[in-house]
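After this come two complexes, each holding chain A, first together with chain B and then together with chain C.
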Partner chain A sequence: MDIIQHVPIIMIALPVFFAAFTILFRSKSGLQKALNVGVFALLFILSLRLLFYVWDNGILVYEVGEWGKYGILLVADLLGAGMVVLSSLISLMAMIYATDYMDRKALDATFFPLFNLMAAGLNGIFLTGDIFNMFVFFEILVLSSCGLIVLTGRGDHTKMADKLEAIFKYLILNIVSITLMLVAIASLYATVGTLNMADIAVKVAYLAEAGTLPWHFHVIAMTLIVVFGYKAAMFPLHFWLADVHPSAPAPIHAMLSGMVIKVGVYGILRVHYLIFNETMFMLQPILILLSLITIAVGATSAIGQYDLKRMLAYSSVSQIGYVLLGVGMGTAYALTAAIVYLVNHAVAKSMLFLATGETLYHAGTKDIRKMGGFAKSSPFLGSIFLIGAMSIAGLPPTGGFFSKLVLFDAGLSSEYYVPVAIALIFAIFTLFYLFRTWLAIFWGEIKDTDKADAYAGRNPTVAIKVALAFLACVVIYMGVYPEHLLSLSGTIAEQLLDPQPYITAVLERSVR
Partner chain B sequence: MNDTLLSVSIALVFGIATFMILRRDLIRVAIGVTLLSHATNMLIVSTGAFLGDRAPIITGEEAVSTGGIFIDDLAAGILAPVIPEGTEMAYVDPLVQALTLTAIVISLATTAFLLILCYRLYQEQGTTDVSEIRRLKG
Partner chain C sequence: MTTLIAKTVSKACVPIIILFSISLLLAGHNYPGGGFIGGVMFASAISLLYIVFGLKYIDSLYRYRWDKWFAAGLMLATLTGIGAMVFRYNFLRSTYLTVSLPLLGDIKLISTTLFDLGVYLVVTGSLLFVFKTMGEDE
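Right after this comes the complex of A and B.
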């Protein structure tokens, strides 16, 4: 058997193994950094190979333990493999960045094991074909990210007491939401008697055809919307994000805002479009309404912020609203737009957060009002920040322009005029708050003249520059050549709306 | 009768857990979270066939007489893989018990983490009152 067949399990097992193995090297800092960057580079290459394999040969199913559909299956379809590529890219860049950014003490002892576990949790969520297994990976992700938020980096001006408070909020809310997910899974199991998502889809279709779909099935669908909406920071459940994400050090902030909130969107795309097709007519208007409120609340809250990280965290809330708007419209074109938006936002936002961490280190404060004139002392950070801001605001030639263009086009072609109008108004808000911030930080006079002498000594190191420049290249590439991402997303959207190939690929396994 | 009692007690534990999570003391919140996971575990076990006098052990003889342990035939209207509806079985669904074990282990980890976190919060902020821990605002 070819090695490519085993890539789905390697993507999960290798980081889990390394989480334990890397502790052995805690006294050899240089070796530990090199090993971990090497492992994440390997994971990125493997995930790219997996995506190309799935693109050429169709869905790849890996049986863990050879129990067929009754055991745990890892399913790499285009959506799952694509998300794995995205998370591997961002975690590789965050890892390279973190080797110079994090404090020595935090880096040696806890950062690498927990970061490996976080990567394993993300890959597991994207690759699993079993809904209970998804719950387990959610827990791995939550606990490892809680541990990572406590760590400190050099541009991190948050006090330990504030970090602990943020984690307490994050943990309690996550436990409640995950318990809710477990209740939903238990009810689903009691209804259809299986945990394999493809198998559930077949049985639900059978029940719906016979007209015996129980009413509590709709309740399960809504409960899961609440769980995934919480993960994605959808409107009534968005309040925790602005406290939790800015408390994290920059590489973890980039991972949380870049990938971890996308897990909620992935959950809705995977679980609801596969299993709860019958209830989507009811859920789609709710999703559109809530996503519009999310856009509005996020954008208006961001305008009033003077704390740079907090402003960008509210911006994440607003942007995730655009992704959910595409998911809520539910046509093939709208889903394409949602996936394009998701990818562009993940790359651009994580780049912006990495640049922000370094800007805060450069400034020595997190208050925008005390920054100014950094274009002279650090032109590199200024240009990176500008590219990120342009992509989030949706200006060409960055990827963000195409994501907004496709999303609004999809909305107009399915005649959602009012939602598109509201989304457009708040896109202008996005432009305003991002460029006001950029102007305040990088142009004008140096505001804090007492500290101005220290600026020259606090510039990004080579590793940080490499990570930022690579992500900037990806952002520009996706703006100049959007057709690759568009055709991939289009195929993913078609597969989401017609899950029959996924179901066939999973269920043709026989029990040995 | 048995099932009704079980459902009522699960609902009661859920209620108590929610009440405790809404308290102002950190430790009470932690206890509430623990109770919540217990209630969920009971719910998962109750989704398997609950008769009280059967074990989740499939012996060879039964597996043969029912044609293997994996029976889910859509054409015959049988959905569950292990316990077909309307079929008399000498065992209960073992899968839900495995799920509960996983859930218990996970809740052990989260509870341990949560208690340490409560202690560190008390050390840093000098209070266990949730309404006084509110530095992050805006």
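Right after this comes the complex of A and C.
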């Protein structure tokens, strides 16, 4: 067996191993930094290899422990492998950034072990072929991110009491949502008697064909929409995000808003388009309606904020609405658009959050009204922030332009005129609040002239510059050569709408 | 809780509980038991010592770093999985070896035991770490 075929489990096992390893050597920060950057770079390279392998050779199925027909499976299809590449890219950049950004105390305490566990949880969710394992990885992700939010970095002006309050909300609400997920999985298991997602899909198709699909099947689908919608901060369940995400230090904020809320979208794409095909006709109008409200609520809340991190958190709520709009429209083209949007938003938003963390450190405050004129004291941050804002607002030549273009085009070609019109209006809101913020922070004269000398002393270090510049290059690359991402997303969307190859790969594999 | 009765009883009980937890760990492959149950039982035995004799007294004898146990266990469990990959099998594939020993007869040595030992250490380490940190917090 070639080493490349072991990559799905390596993506999970390696971070878990290093989570343990870094606990043993907690006090040696220098070693830890080099080691962890190395590990995450390796994971990124392996994930790219995995994506190319899956692109060339089709879906890769990995049996953990070789338990035979009914063991635990990892399935790397294009969607899973693509999401793993995305999460590895962002976690590598967040890790490089964090080595200089986080406080010494945080690095010595629990940052490295928990960050490794978080990466393992993310990769596990994207690669597992078993719905109960997905639940387990959700738990790993939630618990490790709770521990990461309390840590402090240098641009982090949140009080510890606020952080603890935020974590309390996050933990309690997550326990509620994850219990709902467990109930849904248990009822699914009671209905079809298997936990393997491909097997569930086959059995559900039999039941639907025979006309004996029980009514509670639709309830399970709705419950899982609630769970994934909670993770993705969909409208009635978005309220926790603006409290929790801004309390986290910048690298963790980038991971949470860049990747962790995308997990909910991934869950809908994977579970609902594979298993709940029979129910999607009911869920799609609900998804479209809720995503439009999400867009509107997020954008209008963002306009009224003077706290930079809070404003961007509300912007995340609004942007995830666009992704869910594409998921809700449900045609092949709309799903392509949703995936393109998801990737672009993940990269641009995490870059913007990393830049924000550094801007807040530069300013010494988190109130936008007290900032101004930073284009003089830190032109680098100004340009990075501008690229991020352009991508989120959807201006060329950044990736965000194509994601919005494709999404609106997909909506128009499926004759969803009203949703597209509403989404377009709030896209203008996005443009307004992001550029107002950029102008307020970087343009004009320095407002606090006493602090002018202090600003000059607080500039990004080399590691931070490297992470930001790399992400900026990716954003520009996705804007200049959008066809690479478009063709990949198109294939992913076709695979989602026709899950037969996935099912065949999982169920009709040769068992050693 | 430091009465004479509690001290005497726990002195007698703790070794028995620890032995029983180890027997649960080793029986786990074929019979009820396993790393998790054994680990919980070991942790409860140690926490009995902490409660009866007091944290400070136990720490003055030997100051255990339970988080290291946790890390060692997690590393052992992961390495068991990775070890199978070295022999060109899939992650966590287990195998066994039958050895004949005088007096004891045939004994099956199963590689999963190492994984179970890792779980045992993880459970023990994490429970006692939480327990001790909570106890030290005044």
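Convention: the second predicted complex is superposed on the first by the 506 of 512 C-alpha atoms of A that agree within 3 Å, B and C clash if a C-alpha of one lies under 4 Å from a C-alpha of the other, contacts with A are read in each partner's own complex, and residues count from 1 in each chain.
In this section, contacts are C-beta pairs under 8 Å (C-beta built on N, C-alpha and C of every residue); 3 or more make two chains touch, one makes a residue touch a chain.
All values derive from a computational prediction rather than experimental measurement.
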* To do: In the overlay, answer first, second, both or neither for which of chain B and chain C A:Ala13 touches.
  => second
* Partner contacting more residues of chain A (chain B vs chain C) -> B
* Asked: Touch check for A:Gly193: first (chain B), second (chain C), both, or neither?
  -> first
* **Which of chain B and chain C A:Phe239 touches, first, second, both or neither** => neither
* To do: Would you mind writing out the residues of chain A in touch with chain B in their complex?
  => 70, 132, 136, 139, 143, 146, 160-162, 164-168, 171-172, 175-176, 179, 182-183, 186-187, 189-190, 192-195, 202-203, 206-207, 242-243, 247, 305, 307, 310, 511
* To do: State the interface residues of chain B toward chain A in the complex, per the touch definition above.
  => 21, 26, 29, 33, 36-37, 40, 43-44, 47, 70, 72, 74, 79-83, 95-96, 99, 102-103, 106, 109-110, 113-114, 117-118, 120-121, 124-125, 133-136, 138
* Residue ranges of chain A touching chain C (in the complex, touch as defined) -> 1, 6, 9, 13, 16-17, 19-21, 23-24, 62-66
* Along chain C, where are the residues that touch chain A in the complex? -> 67-68, 70-75, 78-79, 81-82, 85, 88-94
